[in-house]
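Shown next, in structure tokens, is the structure this report addresses.
Letters A, B, C and D mark the chains in the order given here, with residues in each chain numbered from 1 onward.
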Amino acid sequence: MSDTGKTHGLHFGLIGLLALAYFVLPAYHSGNLASVMVIAIYAMGYNLLFGYTGLLSLGHALFFSAGLYGLGLTMHLADWTPLPAFAAGLIAALVVSAVIGFLILRTTGVAFMIVTLMFAQAGYLTILYFGKYTRGDEGFALQQASRQIAGYDLSDPGVRYFCALVLFSVTLLGLAYMIRAPFGRTLVAIRENEERARMLGYNVTAIKLKAVIVSGVVSGASGATYALLFGYAGATFATVQYSIFPLLWVLVGGAGTTVGPFVGALFMFYLIDYASGKTEAYLLVVGVTLVLVTLFLPHGIVGTIRTRFLRWLP
Amino acid sequence: MLELSHIQSGYGRVQVLFDVSLTAKAGEITCIMGRNGAGKTTTLKAIMGMLPLTAGSVTLDGVTLSDLPPHGVPKSGIAYVPQGRRLFSELTVAQNLEVGLLHTKDKAATREEVLDLFPRLRERLRQQADTLSGGEQQMLAMGRALCLRPKVLLLDEPTEGLQPSMIDLIRDVVLQMKSRNLAVVLVEQRIDAVLNIADQVVFVENGRSLETTDTGALRENPEKLHHYLGV
Amino acid sequence: MEFGPHLLLASLEGATTAAVLALTAMGLSIVFGVMRVVNVAHGEFYMVGAVLAWFIATSVGAHPALGFIAALLIAPLLVGLLAAGVDRLILRHINYDPERTIVATIGTLYILQQTTLMTFGPDARPVEPPFNTRIALPWFEWGENGFEVYFPWGLSTTSYKLFVIAAAVVILITLWLAITRTKAGLVMRATQQDSDMAQAFGIPVKTVYSVVFGLGAGLAAIGAVLVVPIQQAYYLMGHDPLLLSFIVVIIGGLGSLPGTIIAAILIGMADGIISVFFTPTLAKIFATLVVAMVLVFRPKGLLGKSTS
Amino acid sequence: MILTTRGLTKAYAGVKANTDVDFDLPAGQTRAIIGPNGAGKSTFVGMICGRIPATRGTVTFDGQDVTALPAHKRIERGMAYTFQITSVFPGLPVRENVALAARRGLGRNKAAVRAKTDEVLSRLNISDRADQMAGDLSYGHQRILEIGMGLAQEPRLFILDEPTQGLAESEVEEFNTLIKTLDAETTILLIEHNMNVVMEVAEYITVLDQGMVLANGTPQEIRANTAVQEAYLGSGHA
């Protein structure tokens, strides 16, 4: 089989497996899996920028919460229906990532990391400042009655699961396609050697801005999906932690691989789930994993499989 | 006597040196020649332990330097004057020399000796290194290295970008070091300079040392230069 | 209280904040200056210093002054050793790669924070100040009876707060002398300017890095020990010092020590004054955006050398 | 003239790397720039292709003033630049390296990109390595790949910064042959240390010394020029 064939096999196989899992797994785990798919969308959005373009952002919670509040506030305060509200979430993420992208791309390296962190922190504080509308850390719930699309109740576990699966699949296949298209190849070229890409005549800054925007919108889509499917929005999702999480998932799963973000999110979800049962200090697991991955698994799970065994892995 | 035996080295995944061997004797000036990118500077860095050896060995009077941690190499008697001087630019002249003297026993006397070699530095002791002229910077780079009281002196293009009077001064100091029985290893592009002072020339191409030639023989037989350097 | 006395009070609060901040930010700045890495766990070393100070002070149990002195001597030392250990076990192995260091120190942040939570619990712990005399401050007025000096109600500080300012000044001067006048300082500065060449002159660069990383964390811990008699020790207290230190180091010009001090005074005073007059959230939003913009448009900091 | 510079000057912190360089390059010529180390050759071509902003002066390419344009716009107009230090995309296959260069001009036309890529790979005799990672190639092959990335852009002005640096004798021969075949297709601007190469491939030579133009002439004229010999004697062109 050609590498393209194997890649399609992997992606559709994963999607098929996830569809099957709903009918096989007990409700507890399929509920978890729905969450994992939603956060994996976030991780995939992050991966486009970090894994493929080589830009390490510490502020993606800003884009995630732009989507989360874009949908949440329009539904909560203006009584919008889910579909227009979802569009509002995407537009909010688009605007935020375009503006922030324009600014942050003036910096590189460590300064880039710190600036993204700072902007996200400012975003978090802004959400707190407008606590009258956002209800701050406490957050607000979206009424079950409003979370209906064409008669389907999104709070129903089955509907929720397949809604998450559809969006997950669209993101996975869409990003996988983008990576193989000329645009994606250029991103990788920039990651590998920015100066060379520039001297081949590519407008590197404009291309990186596009990458920030796509990454931001996908992250925002994840945030909007989360608010919609789980009916809750709160400022916790805008904290530094939620900028660190996608980095962690992508590092663990494998930066610059198509399925790495999902694998990393799945692995960390269950690791933290397990640790939370043992101790309140479940963030310790996050810390230890970050250090261990940095030290011993620089390519992540899927990345290591690729370097060691399956060179064709996308 | 400094001896490099079939060393291999490079930067990360990129191998630069594939097989370099040379012997530098005390009281002699050994010159490494070759084109840009042939591996001359890399050889010096490998001697200093700044780049790891992947094969071969570097020994000084029987002590295997390549077994030492990088900061152990200078302590065992090798001083390095890199290309582009690389002074501690925000430190004063005196402080730069002091760094050279950190591990030297007879500090005061050594310092005086070095300042006698380069009287200009004595006038500028309190001046910050990056405010010196190019020639003065080169003096300081050499002075700082000599503060180690080394057995071996590695010089990477010491006359690059200097005016003729300065070049003469540097050459005088190099010859003095030779007479003090130091082994001098010189990377140099100026053929005339090399032919005048070097005792032997090692040609390097594509990370391999090709041949060690007596300078006298080279003067009589300049085709070799042509052959290796495309002059 | 009227505006004038109110401002004086705010400035005094600001000066105490600035003193502690100068110590903490100096630690971050030295680490960045010499090792060229950003230590995201810096705030947690501060926090560990504070919690250890509480632990030591309560363990000694005698006169508060005795416990405090013990804490001031031991806590920074332990924190320094802890940080040097982090350097040896983690940073050295990733070769001080700037981006991987940030990820690894984020991990360290969570490890330190959560371990403290598991060991000492979630409660805030007070440390009794060694002395704490209230000092009323005078204000003047140009009233009907001409120039008048009086003591407005509420305008006061404590002897301990003045001590914090004095202690910070003494420590920073000592540090400055150590860096500029001693052999260890010379070794550190040589390493900072060209680590390869420092190594070529027999300086064990990796050991210098461990010491510097420990020193940076130790400075944060000193700041924390000084602050616990005013604020309580708490496992989540590392966040603000980290953010403020970042701000100071960036505004002051990355790696510039005089810049760090000036910026610490500026930011500390501003923080003290702003938080008296404005809501803290708005002040923080403003400060964070300013810092981000400084990095975007003047990446070497306001007081650093210009890039062009 | 495909390329003209007037008064081109670059100063780094007050130190001048180039001073008032006036330079004319007719279309179709193969021109070499030579000069001792530190003569300002790389800075000069850097200013031409836009990597290095000029302190003052103008660059005119194909009749239009491009001084204010960023590098990628100049490349779009038909310049190509290969780096002095090997600069490929190490984590991408050789084929993709070349395709990236071809794609910028040919856009989304997959067939054309593929054809161009294949053509360049076979022209440089590296078709058999097309699927290897560029970072795993030998130094010599990386240099050749780098030139291939320039070729794939079908430039009207091809700037090569020390292309033979670190190549073995046999590889240098191959390079000479390649440049000669390119001669008919495009204008070539070559910085080169290896005088054998310069004398063999260049139609015309510009000598830079201390940031200024010292001489212009055919290889024979330059060989005979005493000022040039003086500049070289003692400052080596090894």
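Here is the rule we go by: contacts are C-beta pairs under 8 Å (C-beta built on N, C-alpha and C of every residue); 3 or more make two chains touch, one makes a residue touch a chain.
Because the structure is predicted, anything quoted here is derived from the model rather than measured.
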Partner chains shared by chain A and chain B (touch criterion as defined above): C, D
Third chains touching both chain D and chain C: A, B
Relative to chain B, chain with the most remote C-alpha centre: A
Centre-to-centre distance between chain C and chain B (centres being mean Cα positions), rounded to whole Å: 44
Inter-centroid spacing, chain D versus chain B (mean Cα positions, whole Å): 32
Whole-Å gap separating chain A and chain C, where each centre is the average of the chain's CA atoms: 35
Multi-chain contact residues (two or more partners), chain B: none
Each pair of chains that touches, named by its two labels: A-C, A-D, B-C, B-D
List of chain A residues in touch with chain C within their complex: 56, 58, 103-104, 106-107, 109-111, 113-115, 118-119, 121-122, 125-126, 128-129, 244, 247, 251, 279-284, 286-291, 294-295, 298
List of chain D residues in touch with chain A within their complex: 49, 51, 70-72, 75-76, 81, 83, 87-92, 96, 99-101, 103-105, 107-108, 149, 153
Of chain C, residues touching chain B in the complex: 183, 186-187, 189-190, 193-194, 196-205
Chain A contact footprint on chain C (complex, rising order): 38, 90, 93-94, 98-100, 102-104, 106-115, 117-118, 243, 246, 250, 279, 281-282, 284-285, 288-289, 291-293, 295-297, 299
Residue ranges of chain B touching chain C (in the complex, touch as defined): 48-50, 69-75, 80, 82, 86-91, 95, 98-100, 102-103, 144, 148
